[in-house]
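The two complexes that follow have chain A in common; it is paired with chain B in the first and with chain C in the second.
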Partner chain A sequence: MSTPLLEVEDLTTTFSTDNGDLTAVDGVGFTVDEGETVCIVGESGSGKTVATESITRIVKEPPGRVEGTVRFKGSDLMSMSDEELRRIRGNGIAHIFQNPQEAMNHCYTVGWQIAEALQIHEDVPDEEARARAVDLLDRVGIANASARFDDYPHEFSGGQKQRVMIAMALVGDPDLLIADEPTTALDVTVQAQILKLLDELQDEFDMGVLFVTHDLGVVAQIADRIVVMYAGKVMERGGVLDIFEHPAHPYTQQLLNCVPEIGGNEGGIPGTLPNPRDPPDGCRFAPRCSYAEQACRTGEQPEELEVSPGQRVSCIHYRDGRDPSLLRENAPGVESGSNEVSSADD
Partner chain B sequence: MATQKPERFDQVDWAEISRSRWFDLSINSIGMLATALPLLIVALYDWQILDERTPTLEPVGPAWDVGTVDYLFIFTLLLFAFYIVLPLFQNPRRTKYYWREFKRNRPAVVSLGWLAVVFVGGIFGPFFISAPEQSILTGYQPPVFLSVEQSYVSTCVGDIVGGQCQGTWQHPLGTTAGGKDVFAGIVHGMTISMQIGFITTTIVATVGITFGTVSAYAGGWVDELMMRFVDIVLSFPTLLMFLLILYIYGAGLGMFILVFAAFAWGGTARYVRSKSLSISEEEFIKANRISGASTYRVVRRHVVPNAASSIITQLTLLIPGFLLAEAQLAFLGLGDSTIPSWGQLISAGRSDLSFAPWIVLAPGMVLFLTILAFNFLGDALLDALNPEAEAENA
Partner chain C sequence: MTDEPILSVRDLKKHYPIRKGIFNRQVGAAKAVDGIGFDIAPGETLGLVGESGCGKSTAASSVIRLEEPTAGEVVFNGNGRGGATRNPDGTHPNDVTRFSDAELKRFRRGAQMIFQDPASSFDPRMTVGGAVAEMLEVHGMSDRHRRRAIVEDLLERVGLSATDYDRYPHEFSGGQKQRIALARALVLNPDLIIADEPVSALDVSIQAEILSLIDDLQTEFDLSLLFISHDMSVIRRICDRVAVMYLGEIVEVGPTDEVFADPQHPYTEALLSSIPTPDPRSTVGGIELAGTVPSPTNPPSGCRFHTRCHRVIQPDGIDVDQSDWRGILNFRDRVAAGRVDVESIRENVAVDGGPASDGEVGAQLRTEFDIGERIGDPEIEDTLQDAIDRLLAGDDEEAAELLSDRFTTPCAETVPERTVHSEGHESSCLRHQREQAAAPNPADD
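Let's look at the complex of A and B:
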């Protein structure tokens, strides 16, 4: 296999606060291949957003501190100067945000802002920038694009604003699009339209997409692979089918259990996220895990173990000589007969 | 450049030059350059070549000796025209919106009208109304429709009815003890007031915004150092400083403007810093940084424009302070007595208040109204330009 588009290894982001250091992202690793959609899922506060913002080191330093390895198309972003990073931002890696309302400058017309995003990187004359911006607005589905170029953000609806944000992100023709909960602030019908649009544009622009969300329904629609995060650590990662059909980590299982559409119990996961300033020893999820035993509560987060091709899980129950089948009892989406860990393909 | 030695214009690769950044200036900057450069050349010519006594414009006609303050005033007017007025025309939708919001505040609309009168009078008035001249014989002429006892007046210009000297249209607001026309004095005072307002504001805005944004974005010990410097500037006794300079070197209007502006920008810098800090936390700033914008670009294109509405309001409210300071100094006899400012006029009439109150009252009212107008204007601008502030009031 060729080198992945984005390779993240042992990414750690720490914020120094008055009450001591806070490790929001703790040794996270994942990859995104060209043209692939990877979803980072996890509940609020699990470090998803900080992880994505650490990739282009947009996290404020100080108080933040980003360590680890991030390779984009083979070049190491961590050793790059600020100047070199700025060339990657927008051009190579683009972002869209959860709240398009706040991600736009209300002093300027949307067209101006799209054109600006282009002119940051390329020395294009105003007329050409305008033409490209109108073209992009058209492609993201804004009707009557050339007239709406001169409209201000407040004159757009929420869904249209997110479309404009997407246009703004695509103007640099990025190879990787990081979408940080782009549909969370939108209602369900608009959400479906935006997801469809992203899917079309991904093919059109041949981008890898790193999609952050806590909505497993969205994940099921768009993801190729999934990274499950909890309290700054990766709990499990793998292909979307593997994870939806054979969730290995108890956290993933419980997370899926919370989705009513696939037979979840709607009860939620008992307990709350651990204090990030003072995370528990051993597995981060152990305090809320019904299968936790003494070994789970000591030492470090367990190493990642491959449970099926491409599916890796950080749970001691999958170590050699242990029987993981007891974890399967309450798992959703699994028929009672297929408890075998290795039966990844149906 | 296109060629090393472009000897003839057709050998120059104009296409390449037009592609280069230099020609990618906005119409505003082109206008500014096109007008400010000749101004600079005239100023240099005046300073270096002409001898001090020759009025600058004598070769052309009018005997107007353009001084340093005048050059600065014209320069700030150009800035005002190209970066505040012209954008309003370039962006009619936004202007209409501001105007809609602004006109809800009736006193502010009246204030704007009054300030427009002062502005136009200050700029064009001196070309039509000659500066008030001393004429002892026609001193203490009363304003039109009013009268004064004949004994106070040596020569009454109007009719004398029952021992009372009647005012005439020749001196609509009367004359001072020295026979200077009060109306002409007020019109020329408008020029002085506008000069004070525009030049100080430009200096305060330039230094304050630069200092504030740099401080906010540098952070750390640089920020600390800059803000402590602002503390020093703010706690400096400006008046004493001015008096010191006055007694040692003598001080005209230019020095007054310079000294007062040099110690007034502290508040603006502090304000801009806090505004920049809060704006830099906004999501669109992150979005901008994430699409690869440099810090300079973020500050220049996003932070300052977003803070502009508040900064403009703040600056508008600073102007009355300068006008009052000038009037106070003039009243105490510490001002530049060679200029026809309102303060000088008030000070000239203070000893004759008992029988010739118009000498003090006319310029006093004008000063009062102008200061009131600036305050109303600032208040209305805050509401019109800054919807958030309005929301807080509602």
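Let's look at the complex of A and C:
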């Protein structure tokens, strides 16, 4: 077995605030292989964004404090100097964000901004930087790229700005692209265009993609593997088919049930996310979980157990000697809904 | 109750003037809403769906007169106003657009609005109870204790507790704030609520909660709803009927199930097919819409969707593959706009040494516009190739002229009328209009 492109183990990010420490990400672990797409899903406040920003340590330190292990192509990012880390950012790992407006400078042309990013990473003359920036704009589907080089960000639509952001991310030919809700602010028709573009570029540049989203429809379409986060912890992770068809953790089941096309749960998940300054003992989801028992509410978050090859779940009901079948009662998946689709496909 | 609609909108327009120069001369208008019409029956939920910039929010604020509509009629029959007949001069006594200030204030008791961002729709220095009770005070309830009792009761009915009365907005989560917004909308006991993207800022799990609350309250208070959203799955869950907007116009309206199962307008079809399905086994063959929504200042002639439509009609005498046809039209428009950069294509094609031949550049152009290598119809093929040759020779204008002379579509010339597909399901597409004109008895199917 080759080493994964990205290995995250026991990643913990704490922010010190006036009201005490706040642990946004608490002992998170997952991997991304070369060329694969891993989706992190979870509600707002689950720590998914902070987790991805902790990987390249673009989280502000202080007030943040990142601990744990992050290995990129085998080398440990946590022990790197700022100088070494800067070389990884952009060249090895690139980021795109939800809101392209805020990630660009309004006072410079988009072409200039791409060329600048290029010249930071490589010593190339202006002429060549311009040519390559035009080429990148063209590759992300900006029509008439050489003329649009000199346009300012406000002259682009939301979808086009996201294309420009993608072009900027591709400057260093990264091996891993971290995309944080890149399509959430866009309309469905534009979202479809951007997802298609990302898919094409992933093949072309042979990138691994770590995609953060709360939209399970998007996840189903693009993910190879899924990491389900809740209140700073990983509840479950596994292949896309396993998670959608045999979700093991009660939280994953309830989350999927909230999707109109899958579940019949019209009422949502009762309760709210726990206070991150004072998380509950035991499983973080226990206060909202209908299967929770006394053992769920004591100690630490349950250890991860492998329920099927590659699918790991953090829930005591899957421990040896226990019968997890009662959790399947209300579970979405092949049994309840998508029978037609899957049989037609096989 | 009669079966007259609670809200009846006809030919509503909202144009924003564009002014220029020292005399502020009006040089044009952004036609945000351009002649829309719909009815909402008592107790019914009508969804208004479309992409950003299509005018759905402007439509909502014009209906409730947060903005003055440019033209049109909005007849509101709720709150005891029903049963009125038209004045002799053809105007309607219940026409919101003609209300005086006093009537408008009374109207706002009967029609309330909820906004997308619950954080910015509350005064941070006012307790939430105070914010809800203020509505009662403005509308003349002077008894402080009674106001408090009503609001406390209402807070409980939207799933909060009476003790929340004295808390401030920042103490609540987004979903809770939206519950308070619902309480505020309900406190005057309206007949109609206009909800502008009320759940778009919330997480899926909270969304589901709020939607089912809206559903319950609707039954409890016998409300009619105009529900605006860009999210088709939300619309599907809550609406009885749905109206699809594109560039200031309603292109299709019908019962929600029917529109989702059998969309008639190509835009609805494209919109529905771009929703990612939450099933990892399905591989979507989504219809890809080219380009972006045109500017409402200068909307396309004929059917406004024809510049992006995948089903754009071929004129008599042309019969080519539909995707080639779309490609040819895109090519025509881009050449006409002078936005085909032959030189950069030539540079890109020329990889190893020597300059690219015209043939190679031409082939690249065809790939870029998704036009096949050879069009079946030799006459079309000749015209197209002729235009490409001229373009490569630098004769941009001649190429543009040739293309726009030969390749036209009826969609650009005729404004489509409404065609009825079944009870209450209508769309505005020239294809259906033609089909129905050809069929002897369209009403029977």
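Basically, the second predicted complex is superposed on the first by the 331 of 346 C-alpha atoms of A that agree within 3 Å, B and C clash if a C-alpha of one lies under 4 Å from a C-alpha of the other, contacts with A are read in each partner's own complex, and residues count from 1 in each chain.
The rule is short, and it goes like this: a residue touches a chain if its C-beta (ideal position, glycine included) is under 8 Å from a C-beta of that chain, and two chains touch if they have at least 3 such contacts.
Everything numeric in this text was worked out from a predicted model, so none of it was measured.
If you put the two complexes together on chain A, you find that chain B and chain C both fit without a clash. In the superposed pair of complexes, A:E116 makes contact with chain B only, with no contact to chain C.
Between chain B and chain C, C touches the greater number of residues of chain A.
When the two structures are aligned on the shared chain, A:N144 is found in touch with chain C, with no touch to chain B. By the touch criterion stated above, A:R87 is placed in contact with chain B alone, chain C being left untouched.
When both complexes are overlaid on chain A, the residue A:K196 reaches chain C alone and has no touch with chain B.
Shared-chain residue A:A223: touches chain C; no touch with chain B. Of the two partner chains placed around the shared chain by superposition, chain B is the only one that A:I58 touches, whereas chain C remains out of contact.
Contact with neither chain B nor chain C is seen for A:L77 once the two complexes are overlaid on the shared chain.
Of note, the Cα-centre angle with chain A at its vertex and chain B and chain C at its ends comes out at 80 degrees, rounded to the nearest 10. Once the two complexes are laid over each other on the shared chain, residue contacts for A:C107 go to chain B alone; chain C is not touched. Using the contact criterion defined above for the overlaid structures, shared-chain residue A:V134 touches chain C, although it does not reach chain B. Minimum C-alpha separation, chain B to chain C, in the superposed model: 9 Å. When the two complexes are superposed on chain A, none of the residues of chain A touches both chain B and chain C. The residues of chain A lying in touch with chain C in their complex are 43-44, 134-135, 138, 143-147, 157-160, 187-193, 195-196, 214-221, 223, 240-241, 244, 254-256, 258-262, 265-270, 272, 338, 341-342, 345. Chain B contributes residues 19, 21, 24, 93, 282-284, 286-294, 297, 301-302, 305-306, 308 to its touches with chain A in the complex. Touching chain B in their complex are the following residues of chain A: 53, 56, 58, 86-91, 94-95, 97, 99, 102-108, 116-117, 120-121, 123, 125-126, 150, 165, 168-169, 172. Remark: chain C residues 51-52, 173, 175, 203-212, 215, 230, 232-233, 236-237, 270-271, 274-282, 284, 286, 288-289, 292, 334, 339-341, 344, 348 touch chain A in the complex.
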